[in-house]
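Both of the next two complexes hold chain A, though its partner changes from chain B to chain C.
Here is the complex of A and B:
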């Protein structure tokens, strides 16, 4: 009797859960006016179109230098914004973490600031920053910078409290000063984790930079948009293939680095 | 004898450490050099950064301290936000259904190695294409709008969730699977009686993480790829009406919803690991 009742209740729970999800999904279909049959038909239609038209042609290869130049611009922007944001993020995390905060009052403002930075989407930052930096590379740079800063602060606050609570206590007992504790113990202990997160953010930010580029008219996103809207599908497909190649290469390199240093 | 043994053991260990720290230092150095080169070569289009930074702080003040609605009513704002949330939810559910099926073939303990490799390689490709490019790609067949947005976003969600789900399945206790197989359970029975029940909570966490991501992606797709919702209104406020105050109100709306999602994720003990990825 007992196990039967248990299984009946579990079945009922899963059924209820499925029902709620189905209802929400149906509501979502109504809200977004998503046509399900059209959606299903779009997939084979898009791929059969792609086989005929979405392959690099003669003209695409002649544009290769320009595409590579823009791709490099996007990758460098992702690397620069992620790296600089991590340095600032580490600083903010040192103020926010329970182990390393100079005064308990620093913790909440630091964490709240990081929360605002990461919870406003990168596209929203770009739309706000467009007012000051216009269609320049700085719009994308700062949009990626803010989101990365918020994210790195959050994960590093957790890492610092996890990794260095004991060693900080030990060093404090020996009479070591604040800067000595931070530079000799906390930062070396957290560095591998930090690098791992920076590499993760670089991977993410290359894709985000493509998106921001469409908004701000910079980098590889802009070039894709340009070719796509001018029906140069061959060139647009080359942009996609090269972007994929770069993302996969960077993923492989960072997986290797992560495996060795962690 | 013992001395040499421990000496050689410690020597191996030292070499491993120094290898790790060498890789760490090379990584730091390359990141620094690439960052400097990136900053030097940034496409500045004659923007004076320092003047623009002052302007930015003033704009932030307007956005965050003087938000108000101009063209939209409160009801419109709520409706547009709900469209964006629905888009995120719909694409997550569709992505999860397909991903659950594909992940069974991507997990090493559930399918032959060759099938694993094929599914994983395909998914790595799907993930590497930024979501916005998927949406624009499907827009050719379906036109710009919710159909292309849903299909494109669902595609990228599948790529992401298959990886997450498959890794969850691979963490399953091998003994449980072996016991079921030994007792004569077929593949489907193994999946439904052991694999899915014991990984259900992990699968749900990953799906929730993806919902958080898809909410942000839905904003971005509204702004760049005709998906509608609050992202589109933000794009119009920024690029056409140049209305920082209305943009500020929209920003508060998406910020509050994102914080609500993050708070729920913490309550549900979802891992921080893998947020925000286009």
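Here is the complex of A and C:
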């Protein structure tokens, strides 16, 4: 193929792509009868309304102790569910990984279980668990627990096979027992990755916990819901600002830890 | 008195692959044996059957008078403690220090709790330090293994095997990933261990010239069968052809002549 022909085809492809996108957008606007100009016009208005209403007022600041208490509750819930689920996730990963499974039969069930837990979204878990635990802290805890369990199992199965196959073989050859091999070679070899993933899950789970709290009526999500529905926009905004601050702090800390251990 | 007797061993993978096809030989204590053969001949399989990392399909292996294929549980672990293994890729825990990796060689002697906690006696630690000294790794003792060169990693692998106080070493292509000078250090070390400590050495090698130089006895394998079993100097060109097939054999003989010249 000549270079000109090649580039002509490239240009045609790009043009076609652009046309399809335009058609899809236009079709979407027509179908939903969304008025683009009005939508765009609304943006500045939305901003000025937000600025007028969402600046934390004096009432909001007087509620600070209560907000902080609930925020702490949510953060602790996220940390607890993440770390406990990670321990179980590591256990399940040891059963599922090719290198460490006690018997080939364990592999498929362990991986399948992880897959189910992970592929059901945290909000769906919360809805399912509402039936068994009602609007309580347990619902949120277990929703986060299940998702984290699935996720950690999935990533650790791969990590274990990646980093410890060779050393496991060597320790088996020395006559070491199964538990000694796990604790002396598999766990040291994949601990940095595990910690890194647990930190990641804690970050994710603080955000999820806020949303799940709205559903289950617990933690900081509950407070936000309450204030928002009572038109205390200033207080709701303070909740959001504090949550964002906490998320940023946790992210900074965990990035630092990651740099140190990896 | 033999230390190892391999008796009509057959190893099949699935129904198709016959990795070992009726292999028999015996090894005297203190022998230095090189196993040579082309890729896929079954060399690794043979070593792994001896310490039971894999099970034989049929036949018997006796080590120090004990029949290996029937071993289970604690008896199997005791069997493995008597045999050190050295790998092409060293198979260390890279994130741990040299001394920790060496002490892993003692785990076969531990009960469950000691194993989980990694509890080693003072004597064991002293032994590990002494072995590292003789292998010239004193300065690397507390370094992480991922900071070592290939040759140093392999010496850590040897140290880990030696703290087991083994009767025999199985080496699966110990120098295949090393540069010539590190390879020489490793082969000299193995020879020294064999001579001064009287430990039997079985080593898989790709390099025929190295095998001929170090080994007292050569076992040549092709497609799971033993083609040659005898002294290095008695290995004829025709037999090298038989082991490696004609083209590769040609190349190997070329190299051999250039070495001799």
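Just so it is clear, the second predicted complex is superposed on the first by the 224 of 262 C-alpha atoms of A that agree within 3 Å, B and C clash if a C-alpha of one lies under 4 Å from a C-alpha of the other, contacts with A are read in each partner's own complex, and residues count from 1 in each chain.
In this section, a residue touches a chain if its C-beta (ideal position, glycine included) is under 8 Å from a C-beta of that chain, and two chains touch if they have at least 3 such contacts.
All values reported here derive from a predicted model rather than from experimental measurement.
In the superposition on chain A, contact of A:173 is made with chain C only, not with chain B. By the touch criterion stated above, A:192 is placed in contact with chain B and with chain C alike. After overlaying the two complexes on the shared chain, residue contacts for A:13 are found with neither chain B nor chain C.
Residue contacts after overlaying the shared chain place A:184 against chain C, while chain B stays out of touching range.
Which of chain B and chain C touches more residues of chain A: that partner is B.
Within the superposed three-chain model, A:210 lies in touch with chain B and out of touch with chain C [touch as defined at top]. Common to the chain B and chain C interfaces on chain A are residues 191-192. Every residue of chain B that touches chain A in the complex is listed here, in rising order: 19-20, 23-24, 27-28, 31-32, 34-35, 37-39, 41-45, 47, 49, 52-53, 55-56, 59-60, 63, 82-83, 86-87, 89-90, 93, 124-125, 128-133, 136-138, 140-142, 146-151, 216, 219-220, 223-224, 228-229, 231, 234-235, 237-239, 242, 244, 247, 250-251, 254-255, 258-259, 262, 272, 275-278. For chain A in complex with chain B, the touching residues are 21, 24-25, 27-29, 31-35, 38-39, 42-43, 45-46, 49-50, 54, 73, 76-77, 79-80, 83-84, 115-116, 118-124, 127-138, 141-142, 147, 151, 154-155, 158, 191-192, 195, 198-199, 203-204, 207-208, 210-211, 214-215, 218-219, 221, 224-225, 228, 233, 240, 243-244, 247-248, 251, 257, 260-261. By the touch rule above, chain A contacts chain C in their complex via residues 164, 166-167, 169-177, 179-181, 183-185, 188-189, 191-192.
Considering their complex, residues 51, 53, 76-81, 83-85, 87, 89-96, 104-110, 112, 115-118, 157, 160-161, 164, 170 of chain C touch chain A.
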